Structure formats: C-alpha cells, structure tokens
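Labels run A, B, C, D, E and F following the written order; every chain starts at residue 1.
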C-alpha cells in the first residue's frame, strides 16, 4: 500500500505494534490509550517514553494516579532504570498531585486548565521534550456542568495540547469496569488522532491480555485483537493475532 | 423498479454504494453518516467531496474534531491532494474551532446557531458550493437544557441548513462506543433524509468494516450490511454483501 | 368469530393488513404507528391517506420531520401523485415547521397545544377530512417538566384529538435506535386504541422488513410478525407470516 | 391442602383462573393486574365486573386511558352488553378524564387524592358496588418529587382504597415495553395482596398470550405460565399450562 | 468444622435452613431477607416469630405493606393462629401505617427515625420481645437527598436497632422486579450480619421457589440454591439442593 | 522472570496468594479488596492483620460496617483470638461509627476527612502499626456533589493515607449486587496499587468462591480465577486455578 507519509512517524517501541501502524504514531498528534484498571496502560506509556531515549527524544510524563516515586518502582520492576534519565534531564516526571490534595468537604475547586497547560509547556520546553504522556487525562477535566460544555472543554483541551506543546502525546483513559466504553466523556474518542485499547479477556484457556487498534487517522491499520504479554526488560510484547479459545 | 426521480441524484463516489441508492443522494437534502470512532466517517466525507470535483461541484467541509491541516494529511495518506482544490477555490475547509477554544472553567457559552449558519452560508456562496460536510454535527448543538428543547433545536437547525444553504449535505454523528445508538440526540435520525451507518464488526475471521443503509427516503434501498475496505486512492470500496463468518 | 361491530371500520389500504384487523381501523379513533428510523412509517401513512381517496375520504397530513415538498417527492418515488389530490382539495399537507424554526439558544418555548389542535381543527373542517395523520406526535409534546405531567398532557392531547377532530387518526412515534421501546413517553401506548409496529430485523438470510400488531382494542388480532416489502405503486405489501431464518 | 379461608373468595370469572387461586380473590382486597400494552388488561377487568353480575355484585369501573364509550364498544366486540347493566345501575363507568383535560403547557397540577377517593366512595355507595376496577392506577399518582415520597403516597393510596371503599379491587399497571418491570413505581407490587401478569410471548410457533400469578397472599398458588386466548363471549380463556415451543 | 460459637444461635424454624447456618441466626444481630414480590418473605418472617413461641421467645412484628389484620389472615391460611399469641401478649403486631396515611400532594414528610426506633423500643420492652421483624425496612428510610447521606442514615438505623432493641432481627427488602439487586439502597447488604435471598426461578420443568444464603457472618455456610415449597402448617420447607432442570 | 524488587514485600498470609504476587504486597502501598456482599472481604482483611502478628507487624483495623465486637466474634468463629492481640496492643480495632450515629432526617453532614486521617494517624502511631485495614472505604467519601469532585476527593484521600500513615493498607469496596463494577466510585480502581476481587460464581456443580488479581503494579501477576474455601483456623485457602464446570 503506497501512501504519502509527509508527517514523520514516531515509533512506540512496543514490539509488534509499530509494524501495525505504518511505523509509529504521527508526529505531534495526540493519541488515546484506553483500558480498564490493570490492563497495562502505564507500562505502555513507560515503554513509549523509553523508546524515545535511544532516539534522543526527551519526554515529559505527567502522572496523576501514581506518585512519581511509585512510577519509578514500577519501571524498576521490569528492569527499567528511569532515574538515570531523570538525572540526565532526558525525562521529567511531573507530579500534579499538589493540585489535588487540598480537598475539603464541599470546597469548590477552581482550576484554570490554561494554567496547567502553561505549566506543562514550561516543563516541555525546559528539557526540550518531544514525547509527552498524560496518565490519565480525566482529572484535567472538571468543573463543567452541562454535558455539552464538557465536550467543548475537552475538544479545546486536546487542541491546546496539540497547538502549544509540539509533542507526540499519549493520553490515557480508564474504562470503568463492566462497561464497554472507551473513555469517560466519549468526546476524547472523536478528537484524538488514534485510539489503542488494552484489555484482559477471558478465553477458554484462561485470561489473556489483548491490544487492538481502534482508530488511527491517516494510517492503514489492522483491526484485530492481538494477544500480548508483559515481560521483564521488554515490557509489552505482542505474541499472537486473534483472540481464539 | 420504476420510479419518478424528479430530484437529481448526487453520486457519493463511494464504489459500490451509489448503485445501492438509485444513483446517489437526493439533491439539496441532508444525510447522516453515523459510526463509532475509527469506522471511516471522515474518509467517507472526504471521498464525497472529491467525487464532486470531477463533476464541477464545489464543496465546503466544516471540520470540528480535526484541524483542517490534519484533514489534509489524512487525505494525503490515501493519495488525495486536497490542497490543490483548495488553492483553486473548489473546496473550502472551514475551521470552526475558534468558536471552541475560549473555554474557561465554568464560563457559560452563548452562541447563536443562526450566526454559524450565516457564516456557513457566506462560505458556501463564496465558492458556489453545492456539496457540504459538517463533521460532526454535535458541537453545533449545545446550550439547551430540556431534552425536548434540544429536539426542536436540532429539527430547526437541519431545516435551516436545507432551506438556506442549497447543498447536498452530509452531517456525521459519532456513536458512543458500547451503545447501539445511531446518534447523540436521536432526533437527527428522524429528520434527515437518509442514514448510512459505518461499523467495525467482529466476525469469526476477525474484524471487518461494514456499511449499511439505515434509511433513505424516496429511494428503494438494500437493507443489508456490506463489507468494505479502505484502499489508497480509491478510499472506501464495498466488497461483499452480508456479514457472514 | 362473531362480534358486534357497530363502529364502522376504515381500511388502511395496506395490502394484507386489513384482513388481520377485522377490515380496518375503528372510525374516529387514534392509532399509533411505531418504528425506528427508516422502517416505513411515513410510507405507511401516505398509503393510508391515499386509500381514503378512492372512498371519498379526505385527509389532513401533518408533517413535522419532513417538509411537505419532500413528502410529495417521497410519494412520487413510489409513483403516487399527491399533488393532484392537494389541488383538488382532497388532501391538505400541513407544515407546522414554522412553529419550530424560531429557536434561539436558551429561548424558552411556550406553545399552547390547544392552539395547535385548534389550527388542526380548522384545516380538518376546511376540507372535511375524515382521515388524519400526525407524523410524528413527539414535537407536540414539550415544555413539561415532571414525567407525570407529561403523561397527563399526552393523555389530554390524544383525547382532545379524539373529541374535537372526528377523524380516524394515525400518530407516528420514532423508536430510538437500540432500545426496545415503542414510544418516547410510553403513555401513548396505553391511551391509543391500537399500535402497529414496523421494524427491520436481521435474519440469517439478511435483513427483512417486519410489521406486527401490538394492540388493537375491540378487534381480534394476529400477534405474529409479518414480513413485508415496499414496492412501487403498491407501497407496503405484506408477504409472509412469521420471522424465520 | 387444607386451609382456613375465613375471608370469602370472589371469583374473577376468568375461565381456568379461579381454580388456580383457591376459588377467587379475597374479599375487599386490592389486586394488581400488570402487563404491557395490548396484553388484555382491560378485557380481564371487564370480565371481572361481568362475573359479578350473575352473583348480584355491583361494580364501579374507573377508566382513565379509555373513554367509557370506547369501553362499551370493546365489551360489545366480544358480545358483552354493558349498557344494559349500566341502565340497571348495576355497573357504573366513571370517567375521570375531566380531571385530566385542563392541561396547559407548564400549568402545575394540584389534585388531592383524597378528593378522588372521596368521589369514588360516593359512586361506590350510590350503586352499592362491591367490585371495583381502576384502569390504570398510575394517573392517580402524580405530583410527587422524591422517589420515597411517591412510595409512601402509593402505599397510602392503596390503604385508603382498602379502608374506605369495601370493594374487591383490581388496579391495572402498564409495563413499559422493553422492560421487565411489573409496575411503574414498584411499590405497588409490595403493597397489593396479589399480582397477575399478562403477557405476549414469542415462542417458536409464534406469539402466544400468557398469564401467570406472580403473588397471591394467603393463597396457595401455581407459579407457572398459562397460555390463554381471547374468545368472543367467553373473553379470556386459559388453555394450557407452561410456555413450551 | 470446629468453631467457637460464643454467641447463642436462634433457630429460624424454617425446616432445612437452620442446619445450613450452624443452628440458627446469631443472637441480637440483624439479618436481611430479600426477594421480589411474591417470593415468600412475609411467610418466612411469620414462621420465624412462630418458631420463637415454643421457646418462650416473644416477638414484635412491624408490618408496613400489610395491615396487621391481613397478616393474621395470611397466617391463618397456613393454619397458624397468631391471634392467640397476640392475646397472650407473646406477639405484638405493630401497625406503623398511621405514619404514612397523611399524604397530601406535595406535603413534605418529616419524620425522625429516632422517634420510630423509640416507639419500637417501647413495644419490645412491653412484651419483653427477643425476636423482631421489620417488613419491609425501606419505608423507614426517607427524606434523604444525596445517595451518601442515605447510606450513612441506613448504617445508623441498623446500628441503632442493634444497640437499643436487643432482639434477633429480620428486616425484609423487596427486590424490584427485573433487576438483580438485593436491596433498594445497597448499603443494607453490607451492614447486616447475613442475607437470605428468596426467589422464583424458571426452570425447564416450570417455576420453582428457591432460597439461598447470600452471606452469613461468623458462620460456615452453604452457597447453593435450595428449592422449597410452601405447605400448610409447616410453611416454608426446603426440599432439594441445587437448581437443575 | 528477574526483577528489581527494591521495596519490601508484605505477605498477605492468604494461602496460595502470596506466591501469585511475588511474595506479597508492596510495603506502604494501598490495595483494594473488592467483592459483593458475603464474598469474604472481611475474612481476607482479618487474615491479613493476623499474618502480621507472627512477623511483629502491628495493625489497625478500621471497621465501619461491623461493630468491633462483632468482628471479634467473626474471627472467633474461625478460631482466631483477636482479643489477645488487642490486649497486647498489637492490634487496634477502631470504631468510627460514632461519626455516623448522629443522623437526623435532613441534617447535613460535615466531616473533614483530614480529621479522620488525623485520628487514624494517632492510632497508627500509638501502637506503631505497619498494617492498616479500612473496611469499607466508601463511608469516608461523602458530601461531594459533582462526580468529578468525588474523584479528586478520593484520589486525595488515598494519597493522604499513603503519605501520612506509612502502612501497607487494604481498603475494601462492596460491589453492588447485580453489577459488574469493582468499586463504588470507580476512581479507586485507578489510584490504588493493586486490586483483588472476591466473588461467588455459579458453576454447573454449584456455587464456588473465587478470587482473582485484577491489577498489581510493579508485579508480574496471574490473571486467572482461583477457587478458594474458607476453613477454620486457616481462613481463606486457595484450592484450584481456573473456573471450570
């Protein structure tokens, strides 16, 4: 299949995935990694920013559900030494939890998302990052009442990230267990340039981990489920195509 | 089947589809293209406006979830050079995102839809367009509280587009993943002149792309699912009828 | 089966249907035609009013989701010339869309249904109509907050139509896709004298159009599904009984 | 099975049913007849009050979804002449629709249920009725906001009917199509002395009408489905036990 | 299985059940009996308090959905003479319906649950009851807006009953038909010491009555369904283990 | 599989579980134990704190749905003598119910979670606990209106527990019956370091108890269901892997 690929492609570093998406993600676009709790979203993102290291592509990792310290441990459990890259200022782990620890019962929260995007911008410029992870995106969306307001807000947020940060970005979304949704507010699905869905499926032989490409603009894709494993050092490794038995 | 086809038909340019709908869409009517994220709605619309080029039918493409620049890339990835037509003023890509980027937490949005329809009207007249795409329609619907108000609003919006713009129009609607709905507010389904549904179905052999004609007023139609592929240069190509295996 | 049929029966003109409902609908009562988008509700209603022509029974058709002009085209596509009857003042197509095109964001709508019923009454008397179609009924129901208020409102509306208009009336209701409901507010189901449900069902052999009689007061009925086709000139024609394979 | 049946039993007159419920309903208690639209609730109630005629038990029928005139026609279509009993003041058909025809958009409805129960009481005493039908019960329940308020209101309403009216009473409830509920507010199910559910089931051989006894306090019951038909003169007649094929 | 059973066990009197729960319920704790309408909850509770009679354990029965008079009849239909025990002041039937019969449309209800618990306490002390039934519990829970407030309220209510009344208590909960829930507010499930679920299941051979032990703190239990019958004199009698065919 | 396990692992003491999670939970992190009513959550937690006793690891148990006295009985029923450890100040059972027993109808509840965390902190320091159980977590989450506020509140609460208490913590969550959710507010799932789900599954052979590891950060895990039993003295014992038959 011939195609005009004018925009460079950024490899994810996930073994078996880049060949399914014409070499990688499109530079400077925003992608959604979606999955229920425990499906591997954070490992996917860690692998993604580590893939940048060998290519000289620095990264910012915004961690909201995990303390940066814990993230380092998670990486270490797979044999990845993130600390070294942090010391070399190639990776910056951002802890935005201070924004979230001042909760009193009933106190209303007023945060301007442009404030957060501005901070992000500073960090990105500081280490000249070209890869960005926001894990997860949902906490940056709050304070809206009407459903349609939330939709416009999210569209605006994702566009701001695209316009101002100039990074190839992964945002993660937790699928509430027991539903078949891909995201919390739905609109993220339609605005991002691609969606990768991680899952844990119950087959006859037991539970297996699965990944599939839900959407990938401007890229011929494979719609099938692929079974993967999480291995030390290598992280997520795609093994098989198809979810049988 | 004989029929009185007094209103001209406008071919969609989708291989295998026009023969299923008596040659094409009815001139100046509004049609809904519906599907979950990643099912090909945008490619469908691009193909539609490109089909107008060889017939001298100019088009306006209102893109809300994708920046016009990205749309050009998506087209380019399939080998379509939209830029040329834009330069020749045969296609106008409208970016309405400025309406949506001024979001502050809690700020209320007040937009008069007649303002947007008036802008659209200007653009349509400027390049004498007869084909129009609004992708997606949902962001133009906001600010209504009661469900019945939303319904009347949408009916009114679609009628305004029919009355004022004199274009054969496609509006797209994203089906929230994991539901079986066709549109966000439901009412669109009943007001438009036809509905085409794109999907990705999981069969035994793997996932396939499907299209079916949900509704087509004044036209004898085929109710079946048809499997299609997305190929370079040709875009959406219908391959098979029926969803088996 | 003997029965006392004191109230005259009004044939629907749908081939294969009248024999299933003791010859037709009961004079001056209100019936609900229900179905998802694209199932044939409007064609059913057009066929109904055309059936009145050969019997000298004039009709008023209130079209809300379709402009009267489009309705004429839909009829024409099946070979039916409605314009002739309109010119002869045997059919009146009412366009109530003017009530619905003054929508501003946030403007509250206040319409008194008695105003609409009064207008309808004028039209009915003007051409001495005895058949009436309101397609669909939902837009005439708005502005109510509490669910119970809506129920009383609808009951009241349907009773007003029965008392004041003296027509055998069809009201249509769009079933939201992906649900198993019959109507939008549910109460219509219990107040009308009968319910006919149109559908599109997916069988092994493909999709087929189906019709079944959900309810028919004072009439022995057949509860089965019947497969039908839409043919030129003849419109809806019932072919088979039962939904097999 | 021996039992102490101190409270007299009131036969329903439904062939095949009374033998399943120890001879009939318990005197002066309230029973719920539940079913989707078109399942035969009204016919059940008509048969019930006619069964009283041969026993010298007068009845009041409160019809809310059907005009009394229509009810007479429904009865006539099965060969039942209600008018005669009305003339002899053995049956009173109450039309409560006047309460419901003063609906303006937005006007708030304030009705005191004790007013309605008081009216009912007058009618019951006037013809010395001992059988009562309220078809359906839902319209008498309105104006409550909180769900728990509705529950107490319904409990109170049913108790008032029991205490003040001294009739063996049937109340009907329409099951919204596509749900598996038995009643609109749920609480009715727990307060009434028994529940009979009518349905239309789709078996391999086609659709059949079914009836089953959901609950029957103080009475040994049969939990199975029974298939029935609606025949002229005889009305509902139970044919088979079990829903097979 | 050896165990330290320091707290005495109170037999339910349900044949076949006490052997499944180590001899009975734990003294002074609160248990939930859950089931849809018509599944036998009230009979279960009547049997429970009658079981106390032969052991000299007096009981208070709080009946909310049934008038005490009706309860006596239900008992009588199975051959149980409750009146005798009431006369001997061994059973007290409490009618709390006066709290619920002052409903006007829109009138707000303010009842302090401590008032009801205080009344209960008086009755319990008056006849020195050690068994208590509240059938059902839901009406004592009202007036709360936020879901979390309701949860704390229920927790508080159940703890108050435990602390102040010193009775081994059954509370019943009606499962809304067509759902798979165990209780109305969910929280009851987690606070009570045990849950017994009654049901009516549709097997191939017809419908059967089932009972299973959902939860039983401090007691080794059997998780299976058991089929039971309701027989005169003996009431609920467990027949089989397992739900087959 | 090699891995860098810098953070010590804390055995749960559940036979057959620790080998599935690389020896135990990660020190000082927060884990979610999730399950419907009656699935064994409390026994799991009791076993967890008892496992600490032989290792000299003291524990605080915050019990909200059960009075501490009842908890002691539950433990005793399995042969565990908690009282001894309480007397030796190795285990502290906290009763937070006083916070919840002052409920009046309509009274608004204002509690500052930092107050509760501060109390907890005192207790933890008092006996130098390093294991903590909060059973369940939901009651500590209240008073928030908007869903997004609740999410930030929970994130904040769990982070506070991690930062201030320095205990390896289990929080429990009751899954509402009949749903497939893992937690009440969903957000807990994404913030905790791991999730263990307990269940009762209906197989052909009857009901069995199951456990599976939903998520376990920084730890290679087994995704399968494991069948377990509850035995005296030993508590939860994993028997089989897989849920077959």
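Keep in mind that, in the parts below, a contact is a pair of C-beta atoms (placed from the backbone, for glycine too) under 8 Å apart; a residue touches a chain by one contact, two chains touch by 3 or more.
Note that the structure is predicted; figures quoted are calculated from it, not measured.
Asker: Would you mind naming the chains that touch subunit B and likewise touch subunit C?
Answerer: Under the touch definition, subunit B and subunit C have no mutual neighbours whatsoever.
Asker: To lay subunit D over its twin subunit E by CA atoms, how big a turn is needed, in degrees to the nearest 5?
Answerer: Rotating subunit D by 60 degrees superposes it on subunit E.
Asker: Interface check for copies subunit E and subunit F. Shared numbers divided by all numbers used: above half gives same, below half gives different; which is it?
Answerer: Under half of the interface numbering overlaps between copies: different.
Asker: Which chain maximises the distance between its CA centroid and that of subunit B?
Answerer: So the chain farthest away from subunit B turns out to be E.
Asker: Indicate the whole-number Å distance between the mean C-alpha point of subunit C and the mean C-alpha point of subunit D.
Answerer: 29
Asker: Whole-Å distance, subunit A centre to subunit E centre, using C-alpha means?
Answerer: 51
Asker: Which residue numbers or ranges of subunit D touch two or more of the other chains?
Answerer: 142-144
Asker: Specify the contact topology among the chains shown, as one of line, ring, star, complete or other.
Answerer: The chain contacts form a single closed ring, each chain touching exactly two others.
Asker: Along subunit F, where are the residues that touch subunit E in the complex?
Answerer: Result: residues 36-38, 42, 64-67, 70, 73-74, 76-79, 97, 100-106, 108-109, 136, 138-139, 141-145, 174, 176-178, 200, 206-209, 230-232 of subunit F touch subunit E.
Asker: Across the complex, what residues on subunit E touch subunit F?
Answerer: 1-7, 26, 29, 110-114, 142-144, 146, 148-149, 151-153, 155-157, 159-160, 162, 179-183, 186, 189-191, 193, 195, 212, 214-220, 223-225, 242
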